[in-house]
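In order of appearance the chains are A, B and C, and numbering begins at 1 in each one.
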Amino acid sequence: MNFFAKSILQKAGYGNLHRFMSTKALTKVTFNNGIKTITLASPETRNTLSIPMERELLKHLSTDWENNDLRVIVLDSEGPLFSAGHNLNEMTTKNNLEVHNEIFHLASKVMFAIIDCPVPVVGKVKAGAFAAGCQLVAQCDIAVCTPNCKFATPGANVGIFCSTPGVAIARCVHPMVTRHMLLTGLPLTANEAKDNGLVFKVCKEEDIDKEVDHICQSIMSKSRAIIMNGKRFYYRQVDLPIKEAFKLGEQEMIDTLSLRDTQEGIESFLQKKKPNWCHRPDPLNSK
Amino acid sequence: MNFFAKSILQKAGYGNLHRFMSTKALTKVTFNNGIKTITLASPETRNTLSIPMERELLKHLSTDWENNDLRVIVLDSEGPLFSAGHNLNEMTTKNNLEVHNEIFHLASKVMFAIIDCPVPVVGKVKAGAFAAGCQLVAQCDIAVCTPNCKFATPGANVGIFCSTPGVAIARCVHPMVTRHMLLTGLPLTANEAKDNGLVFKVCKEEDIDKEVDHICQSIMSKSRAIIMNGKRFYYRQVDLPIKEAFKLGEQEMIDTLSLRDTQEGIESFLQKKKPNWCHRPDPLNSK
Amino acid sequence: MNFFAKSILQKAGYGNLHRFMSTKALTKVTFNNGIKTITLASPETRNTLSIPMERELLKHLSTDWENNDLRVIVLDSEGPLFSAGHNLNEMTTKNNLEVHNEIFHLASKVMFAIIDCPVPVVGKVKAGAFAAGCQLVAQCDIAVCTPNCKFATPGANVGIFCSTPGVAIARCVHPMVTRHMLLTGLPLTANEAKDNGLVFKVCKEEDIDKEVDHICQSIMSKSRAIIMNGKRFYYRQVDLPIKEAFKLGEQEMIDTLSLRDTQEGIESFLQKKKPNWCHRPDPLNSK
């Protein structure tokens, strides 16, 4: 960054991080029967991923990792948008560099929390998602949406190319469609989003709760430890050259055979009974 | 792996590798007119990729590489499943670590044989493919299937996350669909498999033989050496950064111009005659 | 390359690079209202990417990078083919190694020019594209085509596996479809090309000008500097492991906030007025 620009931002002073306290909760969280639902609940801000919103989101995504009662996280929203992306007000020169750093540092942390979280993160997308909001959808382990949803990365329209949304989107959407989104800012419909890999499925509005619940129940019928290890290995292998990935996978498969829940699963299948998971990555000889 | 778990497995002793001899062939192999068809032919085991089955598959995939009469390998199946994946019976604590290692070491070798094989491997998938069976389909150079086929990676249901199937699937299927398959274990229909990249085409049952033959004839009309080099280069470049891949490709293209079959192809095209391939990667000045 | 083969090619002598001068222009170029349209205009050669054609293409793709009036490059064609690929006549032993090197060295340079060009390159594909012609389509930032178009990489039919086309295609098309194209040489229809990621959209012939113009206008409504930085970052991040990409993206986003056009965009949005871009990557405190 240019030295003078930095100085200007830093001298601004009054726009420092201490101002960014949330006065009221911007999210709602429920945690029942294994499912933590984090709802972006600030329709009046269009669920903007402001610093306070990112902090809340990060907190809810990052807690309970050691709690075996947590089995799935669902990301939901209230209001006419899933999320409009970052808060442009925070990005002006009224705020100093510390603030600007925080916006995007938190955004990375939210992404990493989704990736590193031991349980799957499922997006229930019932309204449009733009810029960093679209990034949030793309980074979910699985996302489903309703037919009305639109998805776009129009940041360049307001001078901020959607570079970080592009990181998430490029990793699930067809490259030429990704580039069209990023360079033109034009939206995808729900069906286009599905056809090009941004969401897993388009569900009627009256069916999306059932669909998300079906996904959650499918995940929760398995051992938490097995899902945790499997998700972690997926993100480890997916960036590797294929043979390297297979060699690591070979060891991953061998190692899982010494886990209590793996042997419980196999024995239960062979004996045609329901497995009794301990849900922990405990070795075979543990109680 | 936990030390005690290892000890338990190793002390088990009686479940060692010597037990895993196939008493009768689990595959059928035909080799006519350039096409070696390897048929998984153990419907009573649901074409389970047991150690004996993997050994047979590996043998048939790995032989005849120097035989110019071998031009394409087709993977076919008998019975109501293409393959149900690995054999859970082999994965219990009745078998020692040596056995567990062998299951997955062979599986990697089968994958590498498909990748490294000098001729294309074409999957003719006429029945469901699950777990490592689905991995086998995903790793084919080209696979086609019939409309009845289902594809799933339900390993986590029985305590074994489909980590190695995920390596193959993540490299051809949309990421969000891959994660849905791995985390929920829910199946794809044939059309979903096609739309998301797991198979090239869905053919009516009465058409699949013709479709696979069309693919095989298209391959066999070309020089074996050119296909061999091209396939090898594809797997080399596909994991590289784009500019590095283009630079290597540049040299690959230049080098092929000094091959006898490349110049035979060019000259035949320019002279509007049928090329007379030698099918070997011989240099231009060879007889 | 085999030593003797090299000698033969080098001794051929008469087929050296000096022969490859274009006597007349093979392309037409217009440059109006921000859009440079490069038209492959040699229908009699089927828009073959001969050395002279590649040189022209490279020149037109590589100039005006510092000219702020250049906002988008459109690749268009005249005649019944978008491009038939490289010129087989140049690849015979009548030409020496220097010529062979030049064909593919230029091809890489054309690809790199598209990637490195500060403005988006949009393919307007109104006719079939084969081999290196298909590579050119696949490498466009965005390509749209008409319903009549066919796409294929049939190089192996004439002894030259489409290895470099495969580099571009493998980076936008489903892997199993890529391998089918490369190994069989069989074509994709326009709709198959779209469904599998090779083009962004299929437009009726009477609509393609409007569609391409819509894309161009969407790009040109933004700041040139923001698009330039965004495109450059996209190609930088897309080959990286996801977390590394996000960390770089974080800094990219922070850095853009100190640009004049980013702050112009944000302020204009907040004040509900039209942004007045300078189109240069100038820091905030510049005039």
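Before moving on, here are some points about what is shown:
Just so we're on the same page, a residue touches a chain if its C-beta (ideal position, glycine included) is under 8 Å from a C-beta of that chain, and two chains touch if they have at least 3 such contacts.
Here is each chain with its UniProt name: A, B, C = Enoyl-CoA hydratase domain-containing protein 3, mitochondrial.
Every value quoted in this text rests on a predicted model; they were computed, and no experiment measured them.
Counting every residue number used by either copy at the subunit A-subunit C contact, under half are found in both chains.
Between the two copies, subunit A and subunit B, the Cα superposition rotates by 120°, quoted to the nearest 5. With centres defined as mean CA coordinates, subunit C is found 33 Å away from subunit A.
Of all residues in subunit B, those touching 2 or more other chains are 171, 195, 238, listed in ascending order. On the side of subunit A, the complex with subunit C involves touching residues 1-2, 4-6, 8-9, 88-89, 91-93, 97, 100-101, 103-105, 107-108, 111-112, 115, 156-164, 166-167, 170-171, 174-180, 182-186, 195-196, 235, 238-239. Across the complex, subunit C meets subunit A through its residues 120, 140-143, 171-172, 195, 197-200, 215, 218-219, 221-223, 226-227, 229-231, 233-234, 237-238, 241-243, 245-247, 249-259, 261-270, 275, 277, 283-285.
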